Each structure stands twice: as structure tokens, then as C-alpha cells.
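Several structures are given next for inspection.
Next, two complexes with chain A in common: one pairs it with chain B, the other with chain C.
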Partner chain A sequence: MKRIWQTLTSGMSKYIIMRLLQVILVLYLYMTLVFIILEAQPGDITDIYVGNPKITPEARDAIVKQLGLDKPIHERYFEYLKNFVTGHLGCSFKWGNISPTPDPVCREQRPTWDLIKERLPRTIVLFLTYTIVSFYIGFFLGKLIAWRRGAIIEYFSTVVGVTLFTVFTPWFALLLVWLFAVNLGVVPIGGFINPDSWTNIRQIGSVDCSVGISCSNIVFNQMLLWLGGLSLFWGIVYLWSRRFSYVWQRNVIRWGAVALGIVLAGLFFGGSWFGEVNRVVLARNTKFQFFVWYFEFPAGTIPLFPLALDFVQHMVLPILTLTLISFAGTMLLMRNTMLETMREDYVMAAKAKGLPDNVVRDKHAARNALLPVVTSLIFAIAFSVDGGVFTETIFSWPGMGQLLLLSALEQDYPVAIGSLVFTGIFALVAHVIADILYAFLDPRIRYD
Partner chain B sequence: MQAAPTFKPAEAIWRVRLQLFWRGLKSSWAMFAESKIGLTGLGIIIFFAIFGALWPAYPWLMERLAWTPEELEAARNVPYGAISSIYQVYDPVTGYDPLIPGIENPTPPSRRHPLGTNQFGRDILAQLMASTSSEFMLGVLAALITVFIGTFIGAITAYYGGFVDTFFMRVADVFILFPLVSFLIVLGSMIELTLIKLAFVLGILYGFGQITVILKSQALAVKVKPYIEAAKVAGGSHFHVIFRHIIPNLLPLSFLYMMFNVTGAIFSEAALSFFGLLPGIKVSWGIMIDSAHSGGYILGGRSFQNWWLWMPPGIAITLLCSAFYLVGRGLDEVVNPRLRKR
Partner chain C sequence: MAYPVLQVENLTMHYTTRKGAVKAVEDVSFSLEKGEALGLVGESGCGKTSVALTLLRLLPENAQFLGGHVYFFRDGSDEAHARRAVGKPVKVLLDGQEHQGRLVGVDRSQLVLDARLNGRTQQIKLARDGIARIGVDLTALSDEEMRPIRWKGISMIFQAAMNSLNPVYKVGDQIIEAIQTHMPMPIPEARERVAQLFQLVGLDRQLMDRYPHEYSGGMKQRAVIAMALACDPDIIIADEPTTALDVIVQDKILREMRQIQKKLNMSMIYISHDIAVIAEVADKVGVMYAGGLVEFGPAEAIFKNPIHPYTKALMSAFPSIKGEKVKLAALPGEPPDLIKPPSGCRFHPRCPYATEICEREVPKFIEHKPKQHAACWNPLT
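Showing the complex of A and B:
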């Protein structure tokens, strides 16, 4: 018992536990704040019916009663908290039910949670990709600029960087759509899928997706699972390969893992080959049932690769736009922190030791300048859903941001408020996870 | 018998203070003037300030150059002198030019309209100029509120510590992670946000967040300085120490963050009005882009036709936002000695 207590109250565990407790407090404050601000607005939801001749005052009173708006404020507050804790985010006003088994509470209407669940993966994929790409580019360029301070490249990249950093996002996105989609025609104008390539698809593997659940979501979630799994696999292999002392050994292992992952993904998304193997194996022997179950999913009937490519095509332009807009911030930040670390004594010492210039830059200065950049990366991930509203809307990418804007414009308040609160929760959770990772990276944080 | 010597200061105290202030300002300016980006930003801000201030002169000038009542009278076949002012028939911001048939709009830049007209016949340059002052007002007002709250709370939390500190830092945690854009969208759909309301909402939401934390850490560094101790020993009250000693030392940093907040506020206003969420604001750069976009003039054409509808407002927003950001960067080198060139 004592031992458990000691582990819990020391170092990392203590940090994580304290952080989680803080998060619960912050979450509670956030929910309360949203409630107070929404409650402080004049009138109530039924005000949208004021000019509607079909809704009599009696009918309006009935709606008020049905929505529970006649109850005293504290009861509504507790109900609001209870609903979020139990995961009931209300029913949409505008979205009809599409599931063959309707929700018992919402019946004809679609539950908000269902909408969010469908849209969140799309947003996460888009924003995780662009965040990683733009941070890598920003880190790389910022490092170079700081290293040659005063060169012409510094002025040039500062001007370009500041312009891109402060450019009016929706306008810039429209400009890029106009250039790449309308004029050059290399990418689609917007949207998530090209409906033509999905019209004949009624079934993926053994899952019937003609009613209720859409085929594109299944393929998209498969893609997401594969990407996540592959990144995890590559990360573990990368860490494991550091045990080897020779560079060539490490390289063989790392590149081997990359090749293996690409081949596996290619076979999976390529389709037919696995399907054949499945059928043969299944006919001969039932011992491999587990593996068969796993690989049976694409079933060889449709190659998933062109379908997956459809998403990728639609993602290119939003990712390009978001990267152009946001890499500049990282670049300028990296430049600043790099300028500070370059004055440290150990950089001087490394130079005096006679190390090559790029080694001093990459291994000594840049690594230590990385920490503030990682902090800003954490914030960027936490704010991805929030900041994506404009981009998603311009590119009609059906994610959380577009859902929020459309439901706000259409006065679909349950969905709007549900996604607003969920955006905050997402930011908070992402922030905490990143904080804990950060504490692993930088030991100074957990011990203060 | 000698008269008792009376103490006569060489100069009045306010004069000394003024001189010190002036000297500090001069040396800061010298440092600021060294950074080219800061000066560029300042130049752009001054340009837009003049541009906005010239708005009342634009109709006056155009009435004498292009929109002469005589021309209108000749076109309309009305007797000479029937139209004394162009304003009787034409308001450049919201009305349409009576000499251009509605079907011809949008018209390219011409003598009558230096930047052309949009599809409703409204003069682009007039709209640009008319909304400049409100963009300035919104940005500066929101940033002032932010900085006021941030400086005050930052100083108080650093000075008192304890419960006050914990409370405001947890509140700051909430506001830092607050999904501002989403929130403004939901709010904009519920109530009619006017310029002043929006400035207050933005100011409050920014004010309790990041800026409080930054100014608090600066105030903590000020708090341990010997002159604070001296002021306390000399019998200064909490109020006196906070307002006369801590806050003046925070002001340079507050001013710096104010610049960045102006950028954020102008951007938010433009984006919200672009998506039609600010019905309380009638003319704005964001609305100009929106009307070009929703009219199909941006994505409708392959060539660069109709550029005058959407290039000027987009460039104006970008330039004004980047100008405040650049001034902030220039000030950063003054306030933050670690960034200065050796």
C-alpha cells in the first residue's frame, strides 16, 4: 500500500495525476462559462419562431415546456452538466435520422453526438497532417534563417513569412482555389469525395453500406486506422533501432520497417490479392480464422486504393493552404528561439571544438531551440478544430468546423452548442496528452 | 542677520519627469527605427490612417471631378440646377451610380469609379475608405480592453499571490484553451453583434488568457526589485505600489502585446463578417469579399476578370493586420533586449 502511494506521489505519476485533476477543474469552469455566456443572451431559443405565423403563442409555450426552458436556472444548469457527463448532446433541429435503428430519444432527428462522431475523424486527419508538415517546414526554415542572420534570405523570408502569417485566411484560400482548382484544374474544387466513384459501391467486405452507414466513412476510417497503426509501428521500430550502435544497422532496420509497412498497406488497399488468399485459406483450414477475420475486411471484391486516393486528392489543396498559412508562425518562432540559443556558451564551445558548421547548427543549437516550438505545436493541435472552421468551410470539407458554422448559420442550436463544447473538450484533452508527452521529453518540467 | 535659506529646486518636478519621459521616448524611438520591419509596419498604419481619414473628402472630390451634377442633369434630361448635390440621387457606399445601368455592374475601374463597382453598383473605393475607420476603431478598442484587463490582473496576481493567483491562473487556463472562433460564431448566430459589442467580447476573451500569464511573469520579475521594497518601507499602500510602481513597468510589454491583439481583432471581425455572422455591421472589408464570393465572381471566372471586386479588400485586410504585427515585432526588439543585434 505504502509502495503504491509512493509511486503515485513521486515524479511523473504525481505530475500526471495533478494535471488530470487540474483538467477536470478547467473542464468544469469551461462548461460553466459557456453556460453562463449563453444564458446571458437576451431571449431564448424559441425567439426564432417570433415571426413565424404557424407557431402560435400556445405552441411556443409548449416548445418552451418541452425543452425545459421554463425550469429555474439552477435546475437547467445541473441538467446541462448531467447531459454532457452522460454523453447526451441533444438532437439536431435540421438533420434527420439516417440510421436504420433510430435513437430512442431523438427518434426522427439525428443525435448531435452521432454527427460529431462522424465528422471528428475527418477533421483530425486533415489537421494532424498539416500540423506535422507545416511544423517540419517551419522548423527547418527557421533554423536556416537564424543561422545566417542578416543575409538577404532573412529579409526575404521574414517578409514572406509575415505576409503568410497575417494573410486573411478565407481570402487566401479562395485565391488558391481559384489558382489550382479553377485555372490549373489539378485538384478538385472542394468537398470530401467525388460522388461518381462511389455510386456503384453498396458493400465493402461483408459490411453493407447502402443504408444508414456510408461506404466512404468505412474506407476513411480504415485509412485512418492504418495510418495510426503504421505510425505507431514505425515509431516503436525507430526507438528500438537506437539500441544498435552502428548506423548501418539502424538504417537497415528503419528502412526495412518502412518498406514492410508500405508493402502491407499496399496489399491491403490493393485488394484482390488478399481476398484470394483469404478464400483459399478459409477453404483449406479454419485454424487461421483469426487472421482471416482480420484480412477479410476488404474481401478482394473492390480495390480500396482508388477510393483512398479520392480522399487524398481532396485533401491536397486544404493541406497546402493550411501549411502555407501556418508554417510562417513556426518559422518566425524558431528563428527567435534559435537566435537565443546561438548565444549560449555550449554553441561557442562546439564551434571552438572544430565541429562542422551544420553539426553545430542541427545537433547543438536547433535541438535546444526546439522546446518552445514543441509548445506551440501543442497549442496548434489543441486549436486545430477551432482554427479549421474557415478552411473547412471554404473547401467544403465536412468536418467539425463546417458542422459548427453551418449549424450556427441555420440556427441549429443543439448541434452548434454541442460542437462548441466538444471543440473545447477536444482542445483540453489534446493539450493534456501533449503536456504529458512534453513532460517525458523535458525532465525539468516534472520536477518543479 | 541672514535670511534662512529657502530650498528652491532648480526645476519643477513635472518638468524633470517630462524630460526623462522624452529622453526615454527618444532612445526607444532610435532603437525602434533601427528595425526596418517596425518602420514598414508603422508606415502602413499611417497610410491606412490617412486613407480612412480622407473618406469624407472622397465624395466631395468626386463630385467636382467625375460625378458632376451637370452630367447627371444632361443624362436625365432635367433642367439645369435641379440637382444641387449628387447625394440627392447617389450614395456611393450603399447606392448605385445613376449613370451606369444596373445590368452593366460590376464595372471595371473607370474615371467615375477609380476601383470599379461591385455587382450592386456600389463604389469599391468608397466602401474601402468608409470601413477603414471602423476597422481601426474595433482593433484598437478590443486591444485596449485586452491590455487593460491583462495588465491589471497580471499585476494583482503577481503582487498578492496565493488564492488570487491560483484562481486567475485557472481562469487563464480556460481562456487560453477557449475555442474563440467557434464561440464567436455561435454567439454571432444568437445575438446581433455590433462593432462595440464585438470589441468588448474580443477584448474580454483575449484579456483573461495568455496576456495575463505573460504580464504576470513580468510583474513577478518587477515585484522583487529593491524599489518596490523601498516603496513599501516608505509607507506606500498596496494600491500605490501596484499602480505607481508595478503597472508602469509593465506598460512597455502591454503595449507590445496590444499590437498583436489589434491584428487578432481585425482578423476576427473580417472573418466573421465574411461568413455573414455580423449583421450589425453594414459595410466592412470582410463583407466586400463575401459579396464577391457569393456572387460567384471569384471562382466563376478562369481569367483574372473581376479582380477589383476581391483583390483590394483582401489586400487591405492582409496589409493592415501585418502592419500591426510588424510594429509589434519592431517593438519586441526594443522591449526584449535579448533579441537585439550585438
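Showing the complex of A and C:
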């Protein structure tokens, strides 16, 4: 017990716990702010729904009462907080129910939480991929042009990067759509799926998705689950492999884990064989039902790979656009901090130690230059939320940004509030992850 | 028998800047023997560090190497060293004789040298055994050939040692990294070696799993010394090793470094602006002024009877606790601008003994007393 307490209150764990507590506080403040902003607006829900002259005073009172607008402000505030904790975010004014088993409260309206649950993963995938891709490209190029100053690649990537960085985003996005989707026709114009690929699909594994539940969501969430699971698995293997004393042992374990992940994912998404095997296992032994459920999904008949590829095709253009527009920021910052760290004594010492040039560059100079760049990434995450509204609208990517814009335009208050708060939660969580990453990268942070 | 491990000849190096070439190292020659400690002393900015960086070939991009040779000696039995020297200018020491030339070939029993004798090039063959010492000219090596020499041959304790540890890696791992590069061994063995080094420099072995920011200044200094010792180098260059420390810690560390150096019979080059530090540790002293070596010789001789007026000025600017009370004599004037150094002897504008010739001609660096070299037209006696 004492040992657990000690681990929790020292070093990294303490840092993470403190950070999480802070985030909960920030989240509370943010939710309060959203409430206040909506309350402070001139004109509210009552004007739209109750101000209609065709509604009789009795009906009007009934609506006011039903929406709870007759209650005093502090009661409504506590109810608002309570609803977030319980996960019931109200019913959309505009979206109709699609589920065969309607929500008992919302009935023919669609619950807000249902919408968010469907759209949040899409936004997460798009922005996570774009952030990683653009960050890595910026990091890599910045490192290279600082190390080899004055090379042609420096002028080329600086001119291209800065031009793209300053260009008007929607115009550039449309330009790329025109070029790649309309003229060359190599990628879809926009959207999330190609409906033609999905028309005949009524069942994914044991889940019937012909009514109510969208088949694409199931496959998409499976894809996300696999990505997350494999990353987590690889991260654990990576940390675990550090206990081995030979470099080759570590490399064998790390690459082995990568290969295992690829094989498993390939079997899951690619073919029927794996699904068949699991079905047999499931039929014989119901004890493992919970475990097998995850693996049993493809169920033999439909390989999920072409379906998963459909999402990937639709993601290419938005990610390309966002990356081209934003990589220069990371690149130039990386270049500057790299030039600074290259002057540090420890880089000179690393060279004097006789380490190969690329080790000096990557392990000593770039590793330290990375720290301020990660800080900038943390700030960039906050801005990627409003960027999301732009991009998702232009590429008709049905994610949180598009939902936010639509619900705001259509005055769909419950959905607007819900998506606003969840976009905030998304940004906050991304922030915390980046912070923890930073603490892993810089040992000086962990002990403060 | 004393034999040289390093011979520096006519080293000249300038930095290119917008204002013009900074003549940082001008015609510097000295030699270092096995087990010997050499102290390079001089005012800040006189080119001491530049000399050290030239030896290790760690100069910044704007540095221009203009000439000279740095012969780095190892046993003739060292296979990698002999192979590396093929095709390069070398000096071979055999039976008390020095042979200079270009190494053409090497096999198990002999060395073939293209040497210039009596004005013409001819091939000579030398027996290769343990006594033959091959000195390869480091300035002729490529970067990749230079890499094994760094740290294994010549290691360095950097100026402001505090900053020569990378803040994001554990101190032990940074030392292991150097060991793994030059003498690959399993990690547990390398860790044991680091633990021994830590013991040698007076650090607790637990500290190897800590980060640099958890160390105090003195501890970092010791860790850096341990790192310099990691690969059993032939030569250690200590550039202002204790400048950032307080006087008591400074004294303690210098004593310990001296002890370690004697114990392992290592060759060291101490670089300092502080003549007291040099007096404590060095067997031989080189005094530098404005990019050039003005005096070189055994420490005792130089401290007792300096030949060059600058050496004398440097010493009288330093207080002595034991001797009689004397007024400290500050040297008038400023160190010269190395972009436009004074003509002739670079010290002449500040020299109380300067005569007309000093302004006109550069004095030769010659032996004025046994083993005591100086570059001066009016040597003190």
C-alpha cells in the first residue's frame, strides 16, 4: 500500500495525475463558459420555438415547461452539468431518429450523444493522422535543412513551405480538389464513403446493420480500435524491450511486434480464414465469447479490407491539404531550434566521442531540438479545432467540425452545445497527451 | 623510455568572418610525450581552444585549415592504426631514429615508406615490430577515418563541462554510448565499466542512472572526466576543466585528475587562462599569445626563468602567497585584434623590452636554453 502511494506521488505518475486533475478543472470551467455564452446571447431557444404566432399560449407554456426553460438559471446550470455526467445530452431539434429501438426520452428525435458518438471518431482519425504526418514531415525536413545549411533542399523546401503556409486555406483546398479529384480523378471529391461500395452490405460479422446502425460506422470503429490497440501494444512492447541488454535483442522484439501486428490486422481485415477459425472456436466454447467477439467480426463472408480502403481513399485529400498547408510551421521552427542546439556543447561532445554523423544529428541534436517543437504542437492542437470546421466543410467529411457548423446554422441548440463541449474535450485530451509526451521526452519536467 | 604520442608542427588555422580572416592559430609547434602533462596557458581568445579543436578536427564550418601537421603516434603493432596510415604522411620512430614520408604499404613484418632523402624521393623499408611507432598525420585523414581516433585516441574535457552532458539522457548511458562506439561489449559489462570509472573519479555508482540536471556542478565535472576516460584514450585534452567551479572544488578535482593521470600514465593537455592551474598540474608549459606559441619548455624552468617577456608578465600578474609582498604588475594594453595583428612580433606593442627589429620581423621559435624554446628577439636571461 505504501509502495503504491509512493509510486503515485513521485516522478512521472505524480506529473500525470496532477495534469489530469488540472484538466478536469479546466473542463469544468470550459463547460461553464459554454453555458454562460449561450445564456448571454440575445434571443434564445424560446424565440425560435415559442415565438411562433401560430402556437397557442397553452402549447407554448407546455413547450417551455417541457424544455425546462421556466426553471431559474442556477437550476438549469446544475441540470446541464448533471446531464454531461450522466451522458444524456438532450435530443436534436433537426435530426430524426434512425434506430429501430428509439431512445425512450427522445423518441422520434435523435439523441445528441448518438450523433457525437458517431462523428467524434471520424474527426479523431482525420486530425490524428494529419497531425502525425505533418509533424513528422516538418520535423524531418527541418532537421535536414539545419544540418546541411545552404543546400538546395533548404531553399526549395523553405520557399515551397512558406508559400503554402501563407496561402488562403479554403482556396488552396479547392484547388487541390480541382486538380486531384476533378481533373486527375485519382481520389474522391469529398465525403466519408463511396455509397456504391456499401449498398449490398447488410451485415458485418454477427451485427445486422441493415436498419438503424450504419455498417460503415462499425467498420470504421473497428479500424480505429485496431489502430489504437496496435499502437498501445507496440508501445508496451517497446518499453518492455528496454530491459534486454543487447541492441539486437531489442530490435528483434520491436520488429517482431510490428510484424505480429501487421499479420493480425491483415488476417482480421483481409480474409475469411481467420473469421472462420474463430467462429469454430466460438461454436465449441462459449466461455471465450467476450474475447472472441472482437476477432469474430469479419465472419468469413466479407473481407473488410476493401471497405477500410474506402475510408483511406477519402482521407487522402484532406490530409494532403492540411499537411501541405501546415508542415512549414513545424519545419521552420525545427530548423531554428536545431540550429541552436547544434551550437550546444553536448553536440560538440557527441561529435568528439566519435559517434557517426547521423547519430550525432538524430540522437543528440534533433532530440533536444524537438522539445520546443512539441510545445508548439501542443498549441497547434487547440487551433486545429477551428481548422476542422473549414476542412470538414470543404471536403464534406462528416465529423465534429461539420456537425458544429451545421447545428449552429440550423440553431439546433442541444447538438451545438454537445459538439462544442466535445470538441473542447477532444482538444483538452489531445493537450494532455501532448503534455505527457513532452514529459517523456524531457526528463527535467518530470521531477519539478 | 619516453616517446612522443603527439607532435604538432607549424599548425596554422584562420577563421573566416565578414570583417576578414581571424588569425587564430599561427605556426604552433609542440610535442607531447607519453605520461606527460602539457599546460597551454594564455589570455582568453589567444587560440588555446582553437588548437585543441584543430587536433580533434572539430572546427566550425568557417574555420580554414591553412597548414601544418599533427602526428598522432601509436604502436606499430596496432593493426587498425597502421592500415589507416597507408597513403598518408607519416612519421615512424624506430631505434631512436625518425623517418618521415608517405606510408606506401604495410604488411606483417615491414613498413614501406616513400621518404624524401637528400632532396629526392626514395622508397625505404622499415622493420615493423612493437617498438616501431607510427605517427599518422591527422590533418590528412577523412572524417570517417578520424572517427575512431576521436575519444579512443584523443578524448576531451570541454570548456564548461556542465553543458557537455546531454540533458535528456542518463549520464551513465552517455558514457556507455562512447564505450559502445569504440569497443563494443554487452551492456552489463559496459555498465560495470562505467561503475568503475565513477569510482575512479569519486562518484557513487548509483548516480549513473540519474540525469545531468540532478547533478551538482562538481559532480558533473567528475562525470565528464569519467566520460573522457571511458575508452582508455592515449591523450586527454582538458579545456578549462575547472573554470566554472569554486576554488575549493577546483583544487580537489585538479589534484584528483593529476593522480589519475599519474596512475594510468596518460598524456594530457591542460588548457587554461589561469597560470595557477597550469602550475599545479603541468610537467611542460606552452605559453600562447595572440594565436602563436611564444614559449615552450619544462614547467619548472619556465616558472623559474621565463625567457619571453610575456611569460614573465603573465607570472607577475599572479599573486604568490608564500613569497615576499610584491605589487602585482598588470600588463598594459589590450590583447591584439587577430584580424589585423601587429607586424613582426605580435607582442611588441605591449612589450617593455621591444626594440626596432621586433616591429619588423617575426622572431623564430628556437631553443634558447636546454629544452626551453621561445620566439623572442630580446630573450630574458
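A few points about this structure:
In this text, the second predicted complex is superposed on the first by the 343 of 448 C-alpha atoms of A that agree within 3 Å, B and C clash if a C-alpha of one lies under 4 Å from a C-alpha of the other, contacts with A are read in each partner's own complex, and residues count from 1 in each chain.
FYI, contacts are C-beta pairs under 8 Å (C-beta built on N, C-alpha and C of every residue); 3 or more make two chains touch, one makes a residue touch a chain.
Nothing here was measured: the structure is a model prediction, and the numbers come from that model.
Of the two partner chains, chain B is the only one that A:I37 touches; chain C does not reach it. Set against each other, chain B and chain C differ in how many residues of chain A they touch, and the higher count belongs to B. Contacts of A:D345 after superposition: chain C is touched, whereas chain B is not reached.
Of the two partner chains placed by the overlay, only chain B lies in contact with A:Q411; chain C stays clear of it. Once chain A of one complex is fitted onto chain A of the other, the partner contacts of A:S245 are limited to chain C, with no touch recorded for chain B. Once the two complexes are laid over each other on the shared chain, residue contacts for A:V125 go to neither chain B nor chain C. Within the superposed three-chain model, A:M315 lies out of touch with both chain B and chain C [touch as defined at top]. Shared-chain residue A:L355: touches chain C; no touch with chain B. Of all residues in chain A, only 245-246, 344-346, 348-357, 364, 367-368, 371, 441-444, 447 touch chain C in the complex they form.
On the side of chain B, the complex with chain A involves touching residues 36-37, 170-171, 173-174, 177-183, 185-191, 263, 267, 270-271, 274-277, 289, 293, 298-299, 301-302, 310, 313-314, 317-318, 321-322, 325-326, 329, 338-339. Interface of chain C with chain A (complex): residues 56, 58, 143, 147-152, 155-156, 158-160, 163-168, 177-178, 181-182, 186-188, 211, 213-214, 227. Contact residues of chain A toward chain B in the complex are 22, 25-26, 29-30, 33-34, 37-38, 41-42, 155, 158, 162-163, 165-172, 174-175, 177-178, 181-183, 189, 336, 339-340, 382-383, 385-387, 389-390, 393, 401, 404-405, 408-409, 411, 413, 416-417, 419-420, 423-424, 427-428, 431.
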